[in-house]
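A, B, C and D are the chain letters, set down in written order, and residue numbers restart from 1 in every chain.
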Amino acid sequence: MAEQLLSLDDLAVQFKVGSMLAGGIKTLKAVDGVTLDVKPGECLGLVGESGCGKSTLALAIMGLVLPTRGRIHVGGQQISGDKPPDRMEMARTVQMVFQDPYASLNPRQTVRRTLADPLRLHGVGDKAEVEARVIDLMAKVGLRPEHADRYPHEFSGGQRQRIGIARALILKPKLVICDEPVSALDVSIRAQIINLLLELKDEMGLAYIMISHDLGVVEHVSDRVAVMYLGRIVEQGGWQEIFEDPRHPYTRALIAAIPDPFHRAAATVAGAKAKGEIASALNPPPGCHFNPRCPLKADLCTVETPLLGTVAPGHLAACHFRDRII
Amino acid sequence: MLLVLVRRVGNMVPTLAAVIALIFVLFSVIPGSFMSGLGDDGRTMDPAVMERMRKEMGLDQPLLERFVKYAGATVVGDLGTSFRTREPVTKLIAGRLWPSLKLTMAAMLVAMAVGIPLGFVAALRPGSLIDTASMVGAVSGLSLPKFWLGLLLMYFFALQLKWLPSFGYGDGGLTHLILPAIALGVSPLALLARTTRAAVLDVLNADFVRTARSKGMSERRVVTWHVMRNALVLVVTTVGLQFGSLMGQAVVVEKLFSWPGLGSLLVDSVFQRDIPAVQGCILVFVLFFLIINTLVDLAYVAIDPRIRYG
Amino acid sequence: MRLGANTWIGGGLFAVALAVAVTAPWIALTDPVMDANLLNAELPPSMEFPFGTDAQGRDIYSRVVYGAQISLTVGVVSQIANSIIGVTLGLTAGYWGGWWDDFVNGLTNVMLAIPSLIFALAIMAILGPGLVSLLIALGLTNWSYSCRIARAQALSLKSQGYVQAARILGYGPFRIMFTQLLPNMLGPIIVIATLGMGGTILAEAALSFLGLGIRPPFPSWGSMLSDARETIAIAPWVSIFPGLAIFLTVLGLNLLGDGLRDIFDPQATTRRA
Amino acid sequence: MTGARVTGAGGNGPLLKVENLRIALQGDGVTFNAVENVSFEIGRGEAFGLVGESGCGKSITALSVMGLLRRPLSLGGGRIVLDGEEIQDASAAEMRRLRGKRVAMIFQEPMTALNPLSPVGRQIAEMFVLHQGASWREAMDRAEEALRQVRVPSPERRIRDYPHQLSGGMRQRVMIAIALACGPDLLIADEPTTALDVTVQAEIIDLMAELCAAKGTAILMISHDLGLVANMCNRVAVMYAGRIIESQVADAIFATPSHPYTRGLIDSLPRLGERARRGRQRLTEISGVVPSIQAYPAGCRFNPRCPAVTDICRTTVPEATSLPADGIVRCHHHG
């Protein structure tokens, strides 16, 4: 365990929604028993659609939402339901890059303030050192020194995302959660940001959790991949295993759903499309949550929840029929 | 619907309780200052009279006991006895309630009947003469002191043209109602015109209106089938807040036109240090506000399917 | 940033009112209180008395000029108090949520349920007439709109990425409210304050009109109108000029508020106070 | 999504012909050309794709075909010919008869594109009342049938539902039902699946393609996703900064992209399976930023970002060069 930077142990986060009068209180199992590790310097791709719990998972890892059950070890800290983390130490361990580069920068702060304030807050008192670190990091993310005194509205979407990345790195964290870092950007800008993130990862020895619905991006950047559906991890493994030998029908449906003009993936995932719509996380189907949409559905699937089982060392899938899919 | 009603009425309870407590604190905990404050106008109070009033108001009893007594009496509808007339305050209020309601409803009727259509027409022709004129009119209407407008109306229509009586309740007929209702109704009228215009413009820019146009609908149908109801939803809240507070706002208009409503009663009672009557009037204003807004919430549920309290 | 016609006209009217209030001792022709002369009672406007004279023979022009001091002092000071109370409550309620939010919400509902003029009237009744009483009565009763706006803004801003980022960077709640939320909600707050100032001036006039605000003989626009009903038939100018002064000042503030809203938030057409 | 491609149904002359379309944007005292010199043709039953980044003018091109441009946008010039009939100057009443009946449109945001206060059944039924003079009762029956066709489960109950009671995918099905209600000749789909989850997107695209193929409806598909469009359409045009810079048969645009921008787009995106075959390569970046409409560069508008830029690109707008199979490319350096 010691070598892990982050480990989640049967993590569950639940919310109470509704009110007594309005149809009763329901429990939303946003994250439902997730066990996961990230090593230093590793990139974990986290794939899933709306309601799968990836955003809540990210909030829990950063200590902004407390677990209902289970534990999180991150850096040297342990977080559990009755033990909130030390916020300042967390800030120096985990940071985040946001999806929307327009909403994620304070319109009334210059780049310099955005980057320098956190340094001062964390006790870097020396003016010259603050300035040096700000300018150095700006250079690393591809911003020029004269950008320091500009406000966010003076930048394009791609440049804003560079500022957002710089803010995430200013405290030299070990783990960065990237929440759909390119999906709000113009298509012709995305490659710049993906390349930048990969360069910074090698240069600064960062670990990433790359949350994305774009499988092409996830395959490109990830070392390992976890696929979530309605609060649970349904499959995880090395990137090659997930994309070349997917064993969970949901993973296969995701791959099959990608418009693929070269028909490259068609052979591996033929007939794997999902039917219908994602169920509400408030009221997930019994057994395997994916069963109403699954082409392989059998009676067993509506009764018994499949556990993550080993397909190959390091490759797990939560499907009763994981060995039958080839 | 019933559930919504129960819920809304349930929501009123804490607000009402807080208001009762507030009124108690304002007038019963610091009544000494209430009296001495009014002593400022030159007359000094006889200490013996002060002492008698203290007794009468039960000020020699412990605070909590007084509050429990007051609150308990209020809840069962006993608002105390007027210092001035020695009648139950409820009876005083009952006599003033109908003129007050009549004035408030007439003013709101004027405001809604003119303001909402005006806002609609203005929004459908943005930038046109009628739009500009009505919006200049609206912002002016919002800026007019009610009593000054009342004075001007009185001057022109009663004193110069002699079309209408200048003040008083008369036999309760329409002619006495017209001028005060207009004086009171102009500001909610202006606000409703502005709110309606903004709401219609908002809805006209909505995606579903573009969908409606893409269906090949005429602009008139777009408005009647898709814009009106959606705009109304946005206006309803304003109607509720305005209507609810209008009875209280009527104070100055009632005073100006010598209208025998609750507002006049309140002001007179203040000057006569008739604390139970003052408290009673305020309570009625608050109750009126809460009832109107509960009704508006019910209307909301009826026209907007997205809102389901129950 | 383009300033519309509303901003110019409104700002201009308000600036004139401010200028009149500040320069009153120099531009007034006579002393507003002392220079009563019953021989001059109820004279129509003339070269000597531009707005005419009242029943005591005082120059209405001079009284209107001095009245600006009272109206604007009450308007500005009370509205600042309202804004500070409203923003403090709304900002903290919106950001923290929970029981504090419930409490502030309840308080706002109570404030809304008592028509603000009635509330102010009640406080005036207790405190007695006078400028300080007016400032207290109007400064404590009109904060619910500021509070609602601040709360709504805090609620919507706190889900923005930059506020989340500040939390992740270890900013404490007060630092977040002060550096991340407050600067980004100033626009709507200023708009509400401008419109609220107009409302406060109207309320002051109403209270003085009822005899509960500034007491005669001191000139307040509202108190000048309190006896007007008796004289309107024979001397309408006694009522017209003070009322016009109130109207134009409030109109200026309302236009200015509209103009500022267009500048700060061009999209928000329905967020009317 | 394979095999769902709509095939041309033949017929005389193109269904829609857009020629030298120019769309004006009225700024503060200045008029910009938001779209200029845009020409394309769509055959009967054909699926045609218009691809580009946000702000390139693809959506307003579609709106101009519907006659739905609104201030500050207006039609600045060019011809729009629908089934042999010029409609660019048609009156509002004439356009209303075309809209919905002959040309229908689906929008990006299913959350806001439906009236929140009206049951979805009624919103479909409006089409039959408007264009076919049906009674409301009859129209509601047909709305139920239309919902069944777009495979909404238990349509007899769903017609009474309000939009907020339906999921995003279901709402987009309702939009499709509205659009196809009167059997239009052309369906314009403006980013119809961008707001949806990927697995739901696949289903919606398949449904749209299948229904249009069955009814012989042509599709004008607008998207930023080149892969999605190429998969569904016969031909694809790529727009950049208000102009069409390349147009080709769908397969060819991936196999032989001819404009540096198209090539850059295809190369810059990590594609599934690529890493397994070739290992992780650094992605090819397109440098610079998308220009804003107020600051379109002279000459070829891609020139500040183009790796092959020369002097002529900065001064002269490139003419269209023919490519095989009716394709065109606008680049000085082609061939």
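Rule of thumb we're sticking to: a contact is a pair of C-beta atoms (placed from the backbone, for glycine too) under 8 Å apart; a residue touches a chain by one contact, two chains touch by 3 or more.
A quick note: this is a predicted structure, and the numbers were derived from the prediction, not measured.
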item: Topological distance between chain C and chain D, in contact steps; value: 2
item: Chain pair showing more contacts of the two, B-C and A-C; value: B-C
item: Centroid distance [mean C-alpha coordinates] between chain C and chain A, Å; value: 50
item: Chain centre separation (chain B, chain C; CA means) in Å; value: 20
item: Euclidean distance of C-alpha centroids - chain A vs chain D, Å; value: 32
item: Residue numbers on chain D that touch chain B, as the complex places them; value: 66, 68, 92-93, 95-101, 104-105, 107, 109, 112-118, 126-127, 130-131, 162, 164, 175, 178
item: Chain B - residues contacting chain D, complex; value: 206-208, 210-219, 221, 225-226, 229-230, 233, 303-306
item: In the complex, chain D residues that touch chain A; value: 1-2, 53-54, 167, 169-170, 197-203, 205, 224-228, 230-232, 250-251, 254, 261, 264-265, 268-276, 280, 282-287, 289-290, 305
item: Contact footprint of chain A on chain C as seen in their complex; value: 160-162, 164-171, 175, 179-180, 183-184
item: Chain B-facing residues of chain C, complex; value: 106-107, 109-110, 112-118, 121-123, 125-130, 133, 198, 202, 205-206, 209-212, 215, 222, 225, 228-229, 232-233, 236, 239-240, 243, 246-248, 250-251, 253-255, 258, 269-270, 272
